[in-house]
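Presented sequentially are two complexes of subunit A, the first with subunit B as partner and the second with subunit C.
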Partner chain A sequence: MKKIAPLILLIILIIFPLVIQNAYYQHLMILVLMWVVIGSGWNVIAGYTGQVSFGDAAFFGTGAYTAGILAYHFHISAWWGMAFGGIMAMGVAFPFGWICFRLRGAYFALASLALNEVCRHIATVAEPLTQGMVGILIMPSFLSKIPYYYIALALAVLSVGFVQIVMHSKWGYYFLSIREDQDAAESLGINTHHYKMVSLNIAAFLTGMAGALFMNYMGFIDPSVVFSLHDISIMAILVGIVGGVGTIFGPVVGAFVMVAVHEFFRTGFFGLFKGLAALTGSDFLIVAAKYISQAHVLGFGILVVLVILLLPNGIVGDWKKIVDKLFPFKKKGVST
Partner chain B sequence: MEVFLQTLVAGILKGGLYGLIGMGMSLIMGVMGIINLAHGQLMMVGMYITFLLSHYLGIDPYLSLFVSMPALFLLGVAIQKYTLNPLMEVDSILPENQVLMTVGIGMVLTEITRFIFSSDYKSVQTSYSNATFFLGEISFSIALVIAFFIAILFTLFMFWFLLKTDVGRSIRATAQDKDAALLMGVNSKRITIITFGLGSALVAAAGTLLMPIYYLFPDIGGPFTRKAFVITILGGLGSTVGAIFGGITLGLAEAFGATYIGMAYDDMIGLIIFILVLLFLPGGFKRLTKI
Partner chain C sequence: MILFELKKLVKHFGGLAAVNGVSFKVEKGEIFGLIGPNGSGKTTIFNCISSYYSVTGGNIYFKNQDITGLKTNKICKIGIGRTFQVVKPLGRLTVMDNVIAAAFSKAKTKKEARRVANETLEFCELIHRKDVLAKSLPIGERKRLEITRAMATRPELLLLDETAAGLNPSEVDAAINLIKKIRNKGVTIIIVEHIMKVIMTISDRIHAINFGQTITEGTPQEVVSNPAVIEAYLGEEYAQS
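This part shows the complex of A and B:
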């Protein structure tokens, strides 16, 4: 079962857009696949190597801006950004890691947060190149969502597969040893600085590619969207944590759950309250619906707090705990 | 020359307030070893309390220190007791859970405030908000000068508190070595709760003192959280003296940056300092003084 589950999932994902023609659900699935890529990237540096990064948006935004600038200034197809975006993101990650990997734990997290802010400022101030707050607008290549869907799917499958291969190679074991005990790893002769750099660059490359995909798909970016701390960096952490820190399929589950939850809050429980208000005509529900759709970031924040308190290792990581909590009788059956 | 002196004065006065912000963060940092990324948001709550008192009851912002500080102390105690301390017992792969939790708390605080007050800009107008006096050619904002001296007063009080009282000594002991402190009979859990409360109260004081000269909106917390951590890194992690010098340095850097480089780079200057400190002076001012 465990072996074929990913295969079944893949088949479902391949036939999904052929069965479900609704553009809104296709849009959501493209976002899910994009978050799978970002979450996998975050998982490599934070989940496996233990260097929690708050600055994923820096790589994401660099990738997106690379694609955007290529299309806008050089009139090259923005799809080239898929390749160059990842490389440019590595170009940001390399000096950053070189300087900041002398920091550990929370201090590294802070430094990455600073990187995020610096990148946003640069994108805002460097108007000749990035158009500043005006943003970059490009023409989409396809009218239908289906080509984007399959490109996103391919990228997601490749990145999950890539992480799987890396984590079962020698590098992967080095990463894990750094997470568990950096000093012990060092004393065993592992060049921790070097392997942390490798890990960060893998993460940056994947995230940068996702950023380029975002640019191609959305057709519009500005600094406050792609370098957003809450919408990108924190969301990436949530995808990683909700799904399961340090598990291959954690980001897949996490991306699915988080995009669903995000949409759930944004649309006011999928328009449940609005529908109810229209049905019953009660004033209270109309007001409630208005407030709930306003408060979606609040719901998001509360979710962060709850997830960290109750599910610190994510759905995949704490799966056993969830099953035990939900089906206490089942546990009894196993033990007897 | 006058421009230079004027900038110097403005930077030092602002730096005193930054020192107060950084000191709260530094205390929390030293005792718990985590960075409180909700620090600016706590300050924002303190500022809204001041705004409410002055808007509806007509209480002078400086008097509302007596309300905003205890209120934020309680809020800080509640946050530490019910959200951060339980995390210590949770078994997880990543040790940065507490930092992430403070981010979540910051988001919740910001959004609740936006919910109640909407995103509009608010400000408190007092008779001395725009008043200035002159020493030679250099103008001093009266509100800033008062704020600076109150900030110095608080700093001195904190020194006395940390050096001379039992609780203060326990806080320093916990910061130095948690396990050893525990063995010496310090209730380290209680100390973390008190410390978070104190840190919140200090940053609330800074917010209240800023109120007569600043404007207020729910997203104000983020920039101040960033300033606070730049100050903390600059001063040396967990160092109270360092926080004051860090605050004044940041204040000066921002003032000179705004005068000689341009206002658009205001936020970036702090971050550049942050990276420079990491590169050339890891450990901050604390390393120079060995205090």
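This part shows the complex of A and C:
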């Protein structure tokens, strides 16, 4: 069962856009797949290596701007940004990691938060290159969503597969050792600074590619969108935590859940509030309908509290616990 | 042949001289005991050797090379393994994965690392626990895991920091046997230990320190009959009688 579940999921994902023609759901699935890539990246550095990063947007935005600037200034297809975006994100990650991996734990997290903000301000100020707050607009390559969908799917599958391979190699063992105990890792001959750099650069590369995909797909970026702290950096953390920190398929599940929650709030519970407000004419509901779409951050907060209280290892990490709770009559002892 | 040498090692923490000019030489293949009362600087010496602390003065030689100031991971790579007094298991990894992670310091491929890990677990008699999470081991086996992990890095010199502390008598005997087995494999050992039974039965030579300074060095019998050592451990009145 465990072996074939990912395969079934993959087949469903492949035939999804052929069955569901609705552009809105296709759009949501593209976002989910993009978040799978970002979540996988975050999972490498934070979930496996234990260096919690609040600065994923720095890599995401760098990737997006690389693609955007290539297309806008140099008239090179923004798809080249997929490769260069990842490399440029590593270009940001390298000096940052070099300096800031001397910090441990919360201090590193704070430094990464600062990186996020620094990048956002640079993108805002460097107007000749980035158009500042005006943003960069490029012509989309395809009218249909299906090509984007399959590119996003390919990227997501490659990311998950790549993380899987890395985690079963020497690097994987080293990342986990660093997470568990950095001093012990050093005494086992692991150059912790070096391997933390490796881990961060993998994360940055994946996130940068996702950023470039975002540029290509959305066709428009500005600093407050792609360097957003709560919509990118925090969202990446939530995808990781909700899905399950340090599990291969955690980011996949997390991406589904988080995009759904995000959308649920953005549309005011799928238009429920708007409908009720129109129906009853209640002043309260009209105001609530107006603001509920901006309350998704609040929803995230509640969700995180619930997940940490009930499922500290995330949905994938605590899967057995969920199954036991939902099906208490099911025979126990089938455990691994 | 001298494998390891400490020359006038000094380590200051602010105004406190934790280690103040300790020198000793360790022959290849011997078990070298390091004793002293609490706070006398034994663990500090270990931390200086494995470069967790930067030394204030003095030099450390391994195989006639000055290794003072090398990075901690390099110290392991050149062949000095260590265990921690306060054990540091990689908690959420299985025992097997703990040892594989260590084996990668010399092994090239995963297959080789797995083989080395298996052999080392077998050698240290921990193979029956290989699929258990390290954090769920009792203290005795955690200490053993520390040794197993250090051995998986294929050291020539092994620094054991109180590996028998907190063990029950039968576990202490098992630990003694394991240490002897490791020595018979040709690994030189420097051991810090409080339990006299351990240090007396296995050490070839003992170096006693107090307040970061050398008191005496010699065979176990010589050292325990030395009045200065008795004074350091038991107080002045006992030394005179």
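Everything that follows uses one rule, which is that the second predicted complex is superposed on the first by the 307 of 336 C-alpha atoms of A that agree within 3 Å, B and C clash if a C-alpha of one lies under 4 Å from a C-alpha of the other, contacts with A are read in each partner's own complex, and residues count from 1 in each chain.
Simple rule for what comes next: contacts are C-beta pairs under 8 Å (C-beta built on N, C-alpha and C of every residue); 3 or more make two chains touch, one makes a residue touch a chain.
None of these values were measured; they are calculated from a predicted model.
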First, second, both or neither for A:V52, with subunit B first and subunit C second: first
Partner chain in contact with A:L176 - subunit B first, subunit C second, else both or neither: second
Subunit B versus subunit C as contact partner of A:V198, first or second or both or neither: neither
Touching partner for A:G105 - first (subunit B), second (subunit C), both, neither: first
Superposed model, subunit A: greater residue contact from subunit B or subunit C: B
Contacts of A:V92 with subunit B and subunit C, given as first, second, both or neither: neither
Touched partner set for A:I136, first subunit B, second subunit C, both or neither: neither
Partner chain in contact with A:A210 - subunit B first, subunit C second, else both or neither: neither
Parts of subunit B lying in touch with subunit A, wherever the complex brings them together: 33-35, 37, 83, 86-87, 90-97, 99-101, 103-108, 110-112, 115, 222, 226, 229, 233, 237, 264-265, 267-268, 271-272, 274-275, 278-279, 282
In the complex, subunit C residues that touch subunit A: 50, 52, 71-73, 76-77, 81-82, 84, 88-93, 97, 100-102, 104-106, 110, 113, 149-150, 153
Touch list for subunit A against partner subunit B, complex: 46-47, 50, 52, 54, 99-100, 102-103, 105-107, 109-111, 113-114, 117-118, 121, 125, 179, 229-230, 234, 237, 241, 245-246, 291, 294-295, 297-298, 300-302, 304-305, 308-309, 312-313, 317
Subunit A residues touching subunit C - in the complex, by the definition given at the top: 168-170, 173-174, 176-177, 180-181, 183-192
